[in-house]
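Shared chain: chain A. Partners: chain B in the first complex, chain C in the second.
For the complex of A and B:
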């Protein structure tokens, strides 16, 4: 495919268009961001310095009509982990970049004027960089309103940062607009919003007016393969039934029943209030209030696991909070009020914050005595007053879980490589603990989602409390995920893919038909391996030793109810995860 | 010698007396704290968790009549660096421990009651642990006043923490009283005050009433060797003339002239206001106001480099601020007001803060826009209002330079292993850069003081801007210092020791006569090597990779005026420093 790369130097305000180098032609998404970070960012640089780069890349299938193919990868050196980061988002930007033929955008150097708030715009004619200082300090919702007033609403997709990204704080996300133009899908993990803030870029506008969807190399084969993939996804119970019906939050009851639903800062594995915040309750609430329980975050998605969450008055509050968001700001904070969680979700989206990191921040702050567990209005006040205005307390909280723990003298810090853990306690589901420990991304459930085999019995069964088999499982999933994250497809394609060979076949057909090069499963898995290899190598050069691939010490010492289990996969086993890849 | 170890379990409030194990009999000070930390503290534990220990040990010569032999070592896993830490202090506690026959005190576990403020007292009859919650939140000066009211003034020495240690923040020091009972000598580096705070111990009282000075194995040989050492120290120009006359701050003009006096957060190497804050000016000011320009921090010291600094009204403000304190809170913050620096010194001592770390904190906060460079009254206000009261902003600042940088989005962070650099820019004096980079303690000038050879021409001459020879120099000094820090002698003994063999001979005579075992120079250097080995091994097990042995990236990129030099000793050379020790 004919794709281009844009380098945007924010110091001299130049935009350079380059054809994608031959060596990178079979890379996209995470594969491309990690290759570029690995090649161009000095591993020991400060993440907010001129030497770091923010790299935005859609997947290999971006712009195609394949379902869920518009996921976006954002890469750079993470201000949160100090390692390489790929943060993945839904929404409309991935497809827009595909339509515009853009393989990657690189933001380079630092602005001369720290007060500048650049808006970077791409359309069919190329890129422009304009300073809009009036956007300074605006939340993502208001920013998107302003951008629409300037750039139009019809064919535009926005990537924006909120005030937290402008403050360059390590829990800052990058928001991507959904089909309604709302900043509800986020490259949340790892603080890349702070890197965008350090570059002085408040927003990226992608305008596809007058642009045709790329047909790809073989449009007919493309269409056949897309339809085949869509049918396989529709036929699988997870991607075809559970997710469309209840969304991601279908997991709340399931993981709570498994005793792995981290509650009150990872002090127990079940939450007495789970029924009040479950996916079933969320769906009922949305339906009762006239909201939309089934919504796609991007056009053409056949799963449509998102939803629209209205208040009691029927007015929009936020998109339906996802499983991780409900857990982090619910059970983990002792909060069982779904409306409050939706408000927190809205505030996180508006301020530009990772909802997982922030739920863990508040839980640690609660353990440290800043506010009591369960104090939802306290969390809302801290978000809307302290963080929004960048007060010292707000800056502490928006710097992430580990920093908050340091400031409030808390020892139970559920982080790996400085990044807070998602919604599965690794003492009760040990496979995911292997992924948290060994992923180059820090604690990240999406990097190797063993919940499939450990709990959902998709792709096999490996009992969650066993130590045997988890290392091999996590390794294979991490390789496959690194490949999938390069295609731009949603991770939820993995459910049917794990249960039979047809999805992988359809995917190879798709890649071959769209890209015009031959793709085999071997090519695909080699892409996963080489991507992981680059990431691990970057982290090694950044200073990560094998000891960075460990869970926090307390998870080996404090037994978690109800199974009273600790994480007991030996260190030497953890070291084997990437042995063949390093 | 018959010495004992006390284990104090703060959870069950028991104090256990043990004879010093045979394997540890030839260890003292840093050698002993590092051996105990290495053997008993899990390297991956959280520094504020029950698994960390605070270990207090005087040197091998503690309690003897040898000049400067009362230095104290405090060890543990550092909340600031995450690695092993030995923090070294003057004052009266080291001698008191020697008189009491105590080789080490270990504080273990965590208290049941987080509101407890224990006072741990040792006298000739053993140890007691009393709860004095009324001491909560008191500054070190008020704490010492209260302790004197309870425990008497005559024969007592105190180790105390201020409010910052109680808040368990990473810049917290442990104060040691001087001969006037003032909390002016600090185990400042590495945040061990936070570990003491986590143990719920507000103070340790050492009462030597009715105790005789230990005579040692061979009192006559001891006296001869002590006198020989004292004469050699008096005869050397640094320990016999410069330090007694001007104190440590004699260095200000010297290091400024070398272009290595880090100014305004390490952005240039000379300070236009140096004459206003130099050792010469400090001495003149003290004399003009009727203060004492020559004062020993412990009894029997023949150097007496300390002083007493009064205000314009003649009333005591603080001990004379040391070179590092004057620099950190002076040039590095753009402050040229010696009275303000003395007030800052007093506040740091009272709050229980490392003056080096805090000067770097304020300089980074100034670069981040919190207050302008040169704003001394702003610094005083932040210390006395925000930090004293533990406000969110106060907690940020008292968490150290790296955390302050994260919160205020600053990239120029002059830290190694999370610990702020002292008063010598390693771009202008490259030997000290090798020490900063490779010492297991983080950036620490005392760990291998190449300023002697690089600038002062003591012990040879190795030009400061050369890259050749610095690695070997730093290694030899790091080994010798690890040994010296085990004797309890002051580092200033190193000046005459570097200029001839007599001091080392006298020292071996002293050790042999006092301890009753034979000590040769080979034994002594082997102690240095084994101590460093244990420390490096602990850090490796804690997760430090060779990349932790690097200076911050900006020091390789940003040239420092006036020499416009960068730190250019290759990484491979740095890796050779401890190659034979690891």
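For the complex of A and C:
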């Protein structure tokens, strides 16, 4: 069971092992990172200063048999938003931490030597910190190749940063290796790769050789509950059919048909090229080229929403780009070329960039005249030449959408708290606008995914263009998501969970059987509330006021075709979202 | 809506999982000419798509219930239960 915390001081190069404090025993993932950030990081500190910490925590179910239970949370003060941040990723590292019994790793202070490139390694015997300056400037793919040469390929999982993280730029992600050892899963949002770069840590290696999977408190009950949960996921049309078949990009056609697919920097809600970049076309392309249309990013995942995308020559380009990536670098940039989007995805993964943020960066830069809309080769050149080599232009772009908009004189900047919006226009789907505005994370669709009720008719129906009911919907989802993000399960579990009580029951059985303490739905929702409370409180202490909980002004003034709608939920209503939680 | 007796045409876009019902409509729009009753429900029946398989019907591009009225020249998108993120 994951009960150890490691504190790594990068200045004096010490690693200290502590038992998890009793007050944190029922915390994992986002619940734990946010509790630690809230307790240990001064809210007004500079995110790249010695006072900030980078905190990595697997979920409560990490290391267990449960399907999709290996998501990993990364927390700290965000260089992009200036507020608290939790960003999570799939891949193999969450399970590896669970196997090693690690509840959290905290990177503290700043290195003495700014040229140091530390590799932090954990195995069954504890942790070591080695300097590998030869890794400086390498992309994530080359970094992983080098790490395999040093540490071996078997039983190892890597968390790495690319050159953008080393440059400490605000769109930097942290990569997590998939089952093939590729750096394709990213804690992308909020620039936490820059915080890792500020600590001088290029990579974290998790070696589980000789380690047994933790059995949990009650292995038999555990197995029963995890089988029950897997069956419930398999029986639901979303987690059992469309996600396995088409991946997340199944949504492109639907959101486009709903008039909410932001196109050319959020200037209209439908993209004429959607058929060329849809999940259906992506699957057909992958199949025609002999790629793998169904792939799990971690062992034991029964949904397997991912895929492997080859080029026309059959050679690997990237994992199948996900819905958000396809949209951000496709419709939002006026690009309808799936191969170009896969190349952009590969470059983002290699450089260590958030694909949502970067799609919005390029769309804003296109509006500002840096390159025309639709110029896929221009985007590829900017990534591979300007950003990879850290030129002044490259550094501007990799500092995020708001900075780029400012530099290029653009006033239509689709950000909240400095973080770029994902793939749903809040003027056509107003519930998600409430989440974008009020989540302590900045514009983040996963923080309270109202698309389920607003468009997909999962867990009820609230018409997307109406203002009524959206505030309560977003609040409930934000609480439930803060809890789910603490378990380490993929958010897709929420689809069957919203449609009936059985999934929540199975999850409580699972938590109880694995962790050995009793879990009820009330405990679970209390965890969501307390996590959200801590995050809101941190942001308040960092200087955020309700004015930060607003969408950009142009979304209230500029009507979005085809519905010609604006975001018109009053400010006073937005302020009610967290009234009872603050 | 009562049968009008007039023929109308709609542009139809079907999700790939429904492609067996009208293969041409899965990669872009095709026109389907209809007579009589101009409702989305009638369109589903015309294509022999079971109503339960059509979770989302978007008409121009507002989401409608299956018994909503359509108009001549409308664009209709039909999808099964879908999710993603």
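As a convention for this text, the second predicted complex is superposed on the first by the 580 of 582 C-alpha atoms of A that agree within 3 Å, B and C clash if a C-alpha of one lies under 4 Å from a C-alpha of the other, contacts with A are read in each partner's own complex, and residues count from 1 in each chain.
What we mean here is this: a contact is a pair of C-beta atoms (placed from the backbone, for glycine too) under 8 Å apart; a residue touches a chain by one contact, two chains touch by 3 or more.
Note that the coordinates shown come from a computational prediction; the quantities given were computed from them, not determined experimentally.
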**Request:** May I ask you to decide whether A:458 touches chain B, chain C, both, or neither, giving the answer as first, second, both or neither?
**Result:** second
**Message:** Just to be sure I read the superposition right, which of the two partners does A:257 touch: chain B = first, chain C = second, or both, or neither?
**Reply:** second
**Request:** Tell me which partner A:406 touches in the superposition: chain B (first), chain C (second), both or neither.
**Result:** first
**Message:** Just checking: does A:124 make contact with chain B only, chain C only, both, or neither of them? Give me first, second, both or neither.
**Reply:** neither
**Message:** Per the contact definition in the header, classify A:247: touching chain B only (first), chain C only (second), both, or neither.
**Reply:** second
**Message:** Contact-wise, after the overlay, does A:543 reach chain B, chain C, both or neither (first, second, both, neither)?
**Reply:** first
**Message:** Per the contact definition in the header, classify A:44: touching chain B only (first), chain C only (second), both, or neither.
**Reply:** first
**Touching partner for A:580 - first (chain B), second (chain C), both, neither** = neither
**Overlap of the chain B and chain C footprints on chain A, listed as residue numbers** = none
**Interfacial residue positions of chain B with respect to chain A in the complex** = 42, 44-46, 48-49, 51, 79, 167-170, 194, 198, 391-393, 395-396, 399, 403, 406-409, 411, 413, 540-545, 547-548, 550, 552-554, 557
**Message:** So in the complex, the part of chain C that touches chain A is made up of which residues?
**Reply:** 13, 15-17, 26-28, 55-56, 58, 60-63, 77, 79-85
**Message:** List the residues on chain A that touch chain C in their complex, please.
**Reply:** 237-239, 241-243, 245-251, 253-254, 256-259, 270, 275, 279-281, 283, 305, 323-324, 445-446, 449, 451-452, 455-458, 464, 491-492, 495, 562-563
